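Quick heads-up: structures coming right below.
You will see two complexes here that share subunit A, one where it goes with subunit B and one where it goes with subunit C.
Take a look at the complex of A and B:
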């Protein structure tokens, strides 16, 4: 079974999660923990960088669903960036682009966050 | 066997009578025949040997009640002594006349008395010999048997050496042989291992018996060597007298040695007995562990045995609860919450012996106690020499607790404390190292038993869950259509295989009105039981709403309204819904986050993908706005492939089956009928992921438009 990893970076007020590997029902709890830690630390501006994410299953998608409501309630957002076409297709099939801000580049997502603050 | 015995006894009796007859004749007529006495000696010894054979052929008994046998020999010796004394004292004119070194009886009475007494002494000697032989050979070692044979040979040789001597003579050879025989007797008398295994009571009796036997045999030995009895035995047969006399002497020495040895063994008798009980208890418990399924009964056995073996006054066991599973089995009053800095857990008190939980609460409060913390921190046995003075016990300094000592032993499984075994004695400093060892051994056995019992429970539980899963699987199979409707214009075929026992895939075909049918394929996020529940909910919603809303888009919107209320916020359902007019071949499609439908029309093969987000992702307008409908006209020979992501995501290593391969399939198989297309696609997917089992549910539905017949 392929591995899955979450790395956290700080970018001022913004937290970036770098996902790597294979996100499915087995590995989803790792991402859930990462989100929980961010919410506990009251960090609601979250960028999820999917550059190294090779696969996402419906259980993986469920993780984003679980947290988006609370994040937005606190005037933050979860923005998704740098998806490979294959991963984007999974998000797209389900209609995620209608619900989430998905950008090609991380810098773009950061810019959107900072613009909003001004 | 029986006739041999009769033959031996008969022969001995015949010879005895013959010798008696010969003696009677001899005493009345003075006959001198060369070698007569030697021949007579041979007859006597033959008779003696036949008697020995007779006894040997009778029942073979293993020594089990040694002390009882010792008592019997003692009684026999005393009887022989008394009878002999009485006979010699109260019967007059038994006397001999010594002439030329021979003894001549002066009356017939003397001859009869000699025969009788010799028979008695021979029997006694034989019984004593047999008894001693059995004792000596008990738990024999190499050489034990050899030493005994040497003794027998020496005794026989001593007897044989007297064959040619006159009764009153004694030869130097005989004396030397006799001396050597005595040494062999002493050597053999060190074989006393049977004493060790006697119980304390038996040892006390053995001590008395051995002492009395020693005394009696001493008296008998003195009697046979002096006075009239000496003459009677010598007269009858010098070799026989040697054999009898030596056997009595051997018995005497052995009894003396046995007495001394028993005396020394007496103080350790108790300890030895205790060790024996320990071993047998552990053995019993070991056997029990593999047999007993009743947890409580087992704990009771453990504490009862602990009580017996280390002679403790009270005993109990505390089990650390692991899961909720065992809760039901316990007496509800016997589980206590334990909360301390070291450990928080639930303790179940069980196997109480001579102590009530109220008293335990006084000694070691269930809520928290430094004694238990000590055990949890450093799991090794703790001995408390004085309960009253120990600061870990009765920390509240309440009055009325018992005095004495205590041992506390952890039950360790994989370095984890799964329970604690306690034993209390009512004397201070009552537990020594060997007691602690015993209690530890019991604790180990209890640990094994507890682990065993838990494993059994686990496997029973697993079996139960398996059965439930099988049931769920059966139920779910019935949620999918058992057969698909048949139309003149449309061919339909479908298959759905769950990756696990139950899945989250769903497909259905409903007849809406006379000429329209609805086809739905869906996938619930996640797998297993929760997915299966949502799936059955989807079926209910679809079955009821499809007949009300004729537009696929509207149906999806309503379905989303209903589902959003009940669905977990991290779950969602993808659905594709097509309404087909069986008269015209018009197909209207809506999609809620599901894999697009593949439309095959000759060489024109494309995915039909109207926009629409998954059910349960959002509600109200956001959802409604996302849903679109797409309509297409089917031409004869066209086919539509509906599927779930289990198909496109079927894996072979890191490679996925994907959308391109599905298009290739559709192209290759486009001229087949619906069943053929379904089978062929499935076959390709299966051979693609040959080495791997499905990691997701897979559903495939094929529609083929035949057109007007």
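Take a look at the complex of A and C:
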């Protein structure tokens, strides 16, 4: 079985999802559920911390694509942080850095959300 | 390395087995970690497409992954007996436009072509679909 976990943390008005393990077509629904819960709770400032994400396939990338539009319509964003080079390379091959805010550190993403509010 | 095959049920929980199967073979053939990751991802995408588009998530069906050593390369064939799925009939996406429209799914074929040196589809006798993936050890080909 591929192992994958999503943990949620709150940082004021920002919600952080910590991803761990292998994100493929089998485990992507777990991430979908996490995003659905956030949107249902009107939490639109979302950081996805990929520090412990070992693997991602297009099924995982599809989850980000499925939610970004609604999140941005609500003046929020999905910011991705702390990717390993291997995971970043997959995002990069598909041109995601054009569309998604990807930062090295979570603190940088938090700062961007905080500055936007001022 | 002699050709070897893995039969798996058409279920997404078997993707991990497909990845591990081809990773072990690629390692045996001398591929580095980066390339092993690319090969495993391409095979995951190919199998996911079969599960979704050929078998429509019918977990009673099977697909076969065969790995063999080519001349300075790894050759992987994924066969199924499901509905015909020929990605060549899909227009190649303009990724910038594609992303702008926030389309979900359909990225797998595009990714496979980026990850592998050769991606070919063919219809085999007995109404079988086959995807053939090749990656060369020699970096001149990549």
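In this text, the second predicted complex is superposed on the first by the 118 of 118 C-alpha atoms of A that agree within 3 Å, B and C clash if a C-alpha of one lies under 4 Å from a C-alpha of the other, contacts with A are read in each partner's own complex, and residues count from 1 in each chain.
The criterion applied here is as follows: a contact is a pair of C-beta atoms (placed from the backbone, for glycine too) under 8 Å apart; a residue touches a chain by one contact, two chains touch by 3 or more.
It should be emphasised that the depicted structure is a prediction, and the values quoted were computed from it without experimental measurement.
Aligning the two structures on subunit A places subunit B and subunit C in a clash. Using the contact criterion defined above for the overlaid structures, shared-chain residue A:93 touches subunit B and also reaches subunit C. By the document's definition of touching, of the two partners only subunit C reaches A:26; subunit B does not. Set against each other, subunit B and subunit C touch different numbers of residues in subunit A, with C touching more. By the touch criterion defined above, A:34 lies against neither subunit B nor subunit C after alignment on the C-alpha atoms of chain A.
In the superposition on chain A, no contact is made by A:47 with either subunit B or subunit C. Only one segment of subunit B in 419-427, 491-499 or 509-517 runs into subunit C in the superposed model, and that segment is 491-499.
On subunit A, the surface patch touched by subunit B in one complex and by subunit C in the other comprises residues 2, 25, 57-59, 61-62, 65-66, 69, 93-96, 98-99. The touching residues of subunit C, counted against subunit A in their complex, run 12-13, 15-16, 19, 34, 37, 41, 44-45, 48, 51-52, 95-96, 99-100, 102-105, 107-108, 110-111, 114-115.
By the touch criterion stated above, subunit B contacts subunit A in their complex at residues 523, 525-527, 569-572, 574, 592-596, 611-614, 617-618, 622, 626, 645, 654, 696.
Against subunit B, in their complex, subunit A makes its touches with residues 2, 25, 54, 57-59, 61-63, 65-66, 69, 93-96, 98-99.
Note for the complex: subunit A touches subunit C at residues 1-2, 22, 24-26, 55, 57-59, 61-62, 65-66, 68-69, 86, 90, 93-96, 98-99.
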